[in-house]
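Written out below as structure tokens is the structure these notes cover.
Letters A, B, C and D name the chains as they come in the text, with residue numbers starting at 1 for each one.
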Amino acid sequence: MNELYVGALINGLLIGAVYALIATGLNLIFGVMRVVNFAHGEMVVIGMYMGYGLWRLTGWPPIATIPFALIGLFAMGYGFQRWIGNAFVARPQHVQFVLYIGLALVITGVHAVIFGPDPMGIQSAASFDVYRVAGLRIDATRLHAALAACVLIALLWAWLRFSLTGKALHAAADNLLGARAIGIRTNHIFALAMGMGAACAGAAGALLAPLYDTQPYLASEFTLLAFIIVIVGGLASLPGALLGGVLVGVAEAFAAVVIEPSAKSLFSYGLLIIVLVLMPQGLLGGRQGAGR
Amino acid sequence: MSAILQLKGVTRRYSGLVAVSDVSFDIEQGSITALIGPNGAGKTTTFGMIAGAISPSAGSIHYEGVRIDGVAPERLCAMGIARTFQIVRPLQGMSVIDNVMIGALNRTSNLKIARSNALDLLDRVGLGTKAFEMASNLTLPDRKLLETAKALATGPKLLMLDEVMAGLRPAEADRVMDVLSAVRAEGVTILLIEHVMRVVMAIAQHVIVLNHGELIARGTPSAIVTHPRVIESYLGTKAIHP
Amino acid sequence: MTGKHPSLRSDRRRLMKWAGASAALGSLSFPALVRAQSGPLKVGVILPLSGVLSFPGIATRRGTELAVKMFAEQGVTLDVTYADYESKPENGRVVAERLIRDGCTILIGAWDSGATISAAQACEAAKVPLVVNVGSARQITEQGFTQVFRNFSPSDDIVAHGVQRFKEILRPGFEPKTAVVLHVNDTFGQATSGAVKALWEKSGMGIRIVDMISYDARARDLSVEVAKAKASGADLVAPITRVNDAILIVREMVKQDYNPMAIYGPSSPGPYEKAFTDAMGKYANDYLVSVPWYDASRALTKRVLDRWSKAYPDGRFELNSGFGWESIQVVADAFQRAKSNRSADLHEALRQTHINDHIMAGGPIVFDGKGQNPNIGIPLLQVQNQEPVVVGPKDAAQAAVKLPMTRWSERA
Amino acid sequence: MSRQWWAALVFVAALALLPLGASDYLLSALTLVFIAALVGIAWNLMMGFAGQLSLGHALYFGVGAYTVAILAERYGVTPWIGMGIAFAAGAAIALLIGALGFRFAVRGVYFALLTIAFAEFGRIVFEHWSFVGGTGGFYLKALSATNVPLISLRGGARFNYYALLVTLTFAWWLSVAVVRSAIGYRWRAIRDDEDAARALGVPAFRLKLLAVALSGGLTAIAGGWSGLIGGSLFPDSVLGMRLSIDFIVAPIVGGIGTLFGPILGAFIVVPLNEWSRELAQAAGINGLNLLIYGVLLMAVIIVAPQGGWPWIARRLGLVERVPCRPGEQARNGVAIAASDSTTGDTHGQTSGRTQGQTPSRAQGQTSDRATQ
């Protein structure tokens, strides 16, 4: 029986790391612009289709898609923000909601029209191999995905912390007015944040492609998942997103084992309610509380 | 006359910074009291604590003998404490008359009565002609007048005004002073924060002076102006004459 | 309210004028109400042609289209329209209403039990008969629907037949004592797992169900579910799945090297479908399933199989295409006897249906008081070198059953 | 009667006469529009007037649907009582969420996320609750020959059409009455600046709870009707996230913070959704309807963020008595698009009024007191 629980824990941790990468992307967008990117899950699915598409054309494992996903999604995110998004940053939140819900529907529609609604899984021999460690079997593809996710998060974190533009992004997140006052070109910064956020989502999608069968209607689950992790982990705190991602991954794995596999997101939503009400700044988000 | 408002050892700390420390004073029923002091003296914080927006770190506030610190702003308003905001906060999405009606609805739920009360008040403060303008259209002085009208509309027993004269032209300031005197004559106690010394000297019966969060002096306006510590806190050494 | 406007009375003229205009607008769609007396029969076919159920949905459509072609050659022309509910049960009703509005006087549908019941609600309201091609939930014929005629077995019949077949293959060396049920959490999954729970323990199979694990129909990762099944240590795994889930489950069982005595799906779609055997390859073999199936010994079935292999060389003729074919046979037969395309006449004809020569196993196609065909035969199938073959009952068997299941690691 | 009441009367009368010449399909399509409008009005009370953004209204809709259906099917309780219980259930759940959120000052987007969390939590609970049939669905039995629509509240397309028209008209009248009462004024104060409103004596906590409860209750009734008409309930279809999103689109496209906006929005969005779905079906391209729906949504919000009704109302001179102003960034991050005010037009210039001239009363019975 303990193999079940330990197995669930490991799976939860590994998938949690990929969830964290998705949440990191949202953290950037939501943190810097307070914009509720309801199309975040769709950006993950774009990454998944890229991973699937590349595998179909070239047979490469989806991890090789990451550079394409990063560049492709960054361009899309940056372009969208400069073209439409920036006009909406100052608009009321419900107007932002409708804009991004519309964007989400458009992306899902494009996916369904191009790829069709049917799930497309990557059935390569690699999807069967497993690492045996001390009697435990760890799924290879899952492990590679988690490691890649952690590397990407670390790179992003370093870039934010040490590069000049990264600091500008941080400044804009902390105090928009102040940032503008000292001459930071916020339009560029916003587009950068959306671009980076979308790139994270796309890369995570590429990592998820071999684990889940890709289909257009997966997207809304990823969007809600990302929000749960960002809120639980704490706003604009990258370690928070990592902690939140892993926490939600494990919570889902245990809910699946303890209650019913199909009820696994029950714990995550319960966690979100508790955090929203009792700890609005999230576990690690020290700064300004939730919408005080 | 009994004191309508008593502050006892009221203190407010913001993680180390002491904004208001151990301030105690009473406000006489039916009087006009001015609260003055240099910027950052803790005037608005004290105001906020009385109005229930900020809860004091120590000490207590009593209104008509009842302890009110920590009571929600809306309940204080129902008890008769009305306040204006230093940085005006008009209700953007509503017209001028609707703004004032919200205050009037504190006393009556009948819209007709509330509307006529609101119009009367707007006339008294000189905004009658702009009753159906959108609040966001008003100039800053007009918004100050609107703040006063809204506070008056709630039918207060204690009216707290935070720099309502700032930015008003002399004619408008005089009109507001007439209104305040008339309101006081109707038995309303007024506590106002004001920098415009001309107003303080004209209508205030008592003056309380805060500096660095401490109460450094209180008395009649003429006494305060010559009070050495007040002068020192405001102007350093040079004395000023009215 | 002091009305500044003319009093209501003098305005009545204006109101009536306005109402007249709207009536004219409305009457544009008036003619649709008058049902066509004779002429070709418009048949509406409701299927999941997209979404998670699209594989079986398309297979059923192919069987239906083949039947339409074959019956047209015999002079029975049917004007068939296909409607897709995107594998969402709640769309069943809207899709049915749209087909009825387009003039269909008889419907066939809908593969998914939930969608079938939703469609039945619309058919009941519009008094249009619904021939159920595939759909095993009991409620389809228990909700008092008068317009429903189901040519498919309810889940308890399939499971009951399955118990008989399973007893026949018990032998020394293959006597599983415990079982774990892995079922999809939707109308079909709940109906079937309920039947399994009710029948298996009382039926003298000597098998105790140690765990019932349900998973989300939209599940995309069943590793936890399979881990739980493995942890239960059951000898027999009883999946009740769709084809996508069946693939995910077997893939995880291989990854986790979970080797039960056998995998047996009581009335479970998936293992016999081409999508499954293509995706799983050697891992598909030895999978047991008991579902209604075609009777290859009949002349009519041979002719249909021959036409099918010409029309769809890459496709496989199985349960879905078989019952898709028979649903057209039932409708064509009723149309010929009713000699009218009015719903009421067709309904009367359907009630007296009696078709001896048909392609699926079992007795003649008839419909009882509740619209259920009780004579459907349910053999036991096993996937052998990636093809489903009948292994039970003895008289219909095409090959000997291979038990217990070959371990994953030892597969060629 | 002011022009608004006239316009409303003509609108409802026209709809009442429509069934004389309309086909059953048109009636059932319009019934769906009425249900969407009903939920739009309920959602708009909470969002357009009290400034609380909810993205989980499917929870109340689903609870209402299941309550009425289960009471009627299993316990033989006539839907007349069922609807009352559904209203109470919807209101109670809304009060729970509201109290939890407002008590802990969860505002703006965080309150919206709280509503999503509760709605999804509810959906998953329903999916695993055998009493309600779980994902297997809950089905109403077919109507027996002796069915009397007025008792069972279940009938043909015509009965459903009139039942929903009556419910919608009542809900519309209720929303007008409440919004134009003292409560409505104070809601708008809370919407514009909650702290300033509280300083003026507005009991924000209680009034927000009232808005949330009324909104939840009315949505539950719409759910009840949808259950009776549909006949089969699935957690994902009556409690799903997609539904919560559909609910907010109509009022926003129509114009939130207005009284007719949600209804106009429903008349635009529901047929559009149906048309794009049929187009996708005809063209055989799956997902085409999502694409069209998405593009149109983005177009509307970019071109007319205040929604359609304020624009149309001005053209027809039907500007509503409720003076509101197009969206500006309000203090608590949630500002409201609203129809035009009584005199000025949307861009702030007062229309043709000079200093000192008595303000021209455009129309409607505003105060009769002349200013000096």
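FYI, contacts are C-beta pairs under 8 Å (C-beta built on N, C-alpha and C of every residue); 3 or more make two chains touch, one makes a residue touch a chain.
Keep in mind that what you see is a predicted model, and the values were worked out from it rather than measured.
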**Any chain in contact with chain A as well as chain C** = D
**Prompt:** Which chain pair shows the largest tally of C-beta contacts?
**Reply:** A-D
**Prompt:** Just curious, how far off is chain C from chain B if you go by their C-alpha centres, in Å?
**Reply:** 76
**Whole-Å gap between the CA centroids of chain A and chain B** = 50
**Asked** Any idea how many Å lie between the Cα centroids of chain C and chain D?
**Response** 38
**Message:** Give me the residue numbers in chain B that touch at least two other chains, ranges are fine.
**Reply:** none
**Request:** Note the residues in chain A that touch 2 or more other chains, in rising order.
**Result:** 116-117, 260, 262
**Request:** Would you pick out the residues of chain D that each touch at least 2 other chains?
**Result:** 127-128, 135, 286, 330, 335-336
**Prompt:** Touching pairs of chains, which are they?
**Reply:** A-C, A-D, B-D, C-D
**Asked** Across the complex, what residues on chain C touch chain D?
**Response** 1-3, 5, 15, 18-19, 22-27, 29-30, 32-33, 50, 83-84, 86, 88-90, 92-93, 97-98, 101, 114, 117-118, 120-121, 124-126, 137, 139, 143-146, 185-187, 189-191, 214, 216-217
**Prompt:** Tell me, which parts of chain D touch chain C in their complex?
**Reply:** 1-3, 5-6, 10, 13-14, 17-26, 28, 127-128, 134-137, 139-144, 156-157, 230-232, 234, 236-238, 278, 281, 286, 365
**Prompt:** Inside the complex, what are the residues of chain D that reach chain A?
**Reply:** 47, 53, 55, 100-101, 104-114, 116-118, 120-121, 124-125, 127-128, 135, 241-242, 245, 248-249, 252, 256, 285-298, 300-302, 305, 327, 329-330, 332-337
**Request:** In the complex, go through chain A and note every residue touching chain C.
**Result:** 1, 3-4, 7-8, 11, 116-119, 121, 123, 127-128, 130, 137, 139, 211-213, 215, 217-218, 253, 256-257, 260-262, 264
**Prompt:** Can you name the residues of chain D that touch chain B in the complex?
**Reply:** 181-182, 185-186, 188-189, 191-193, 195-204, 257, 323-325, 328, 330-331, 335-336, 338, 341-344, 348, 350, 355-356, 359, 366-367, 369, 371-372
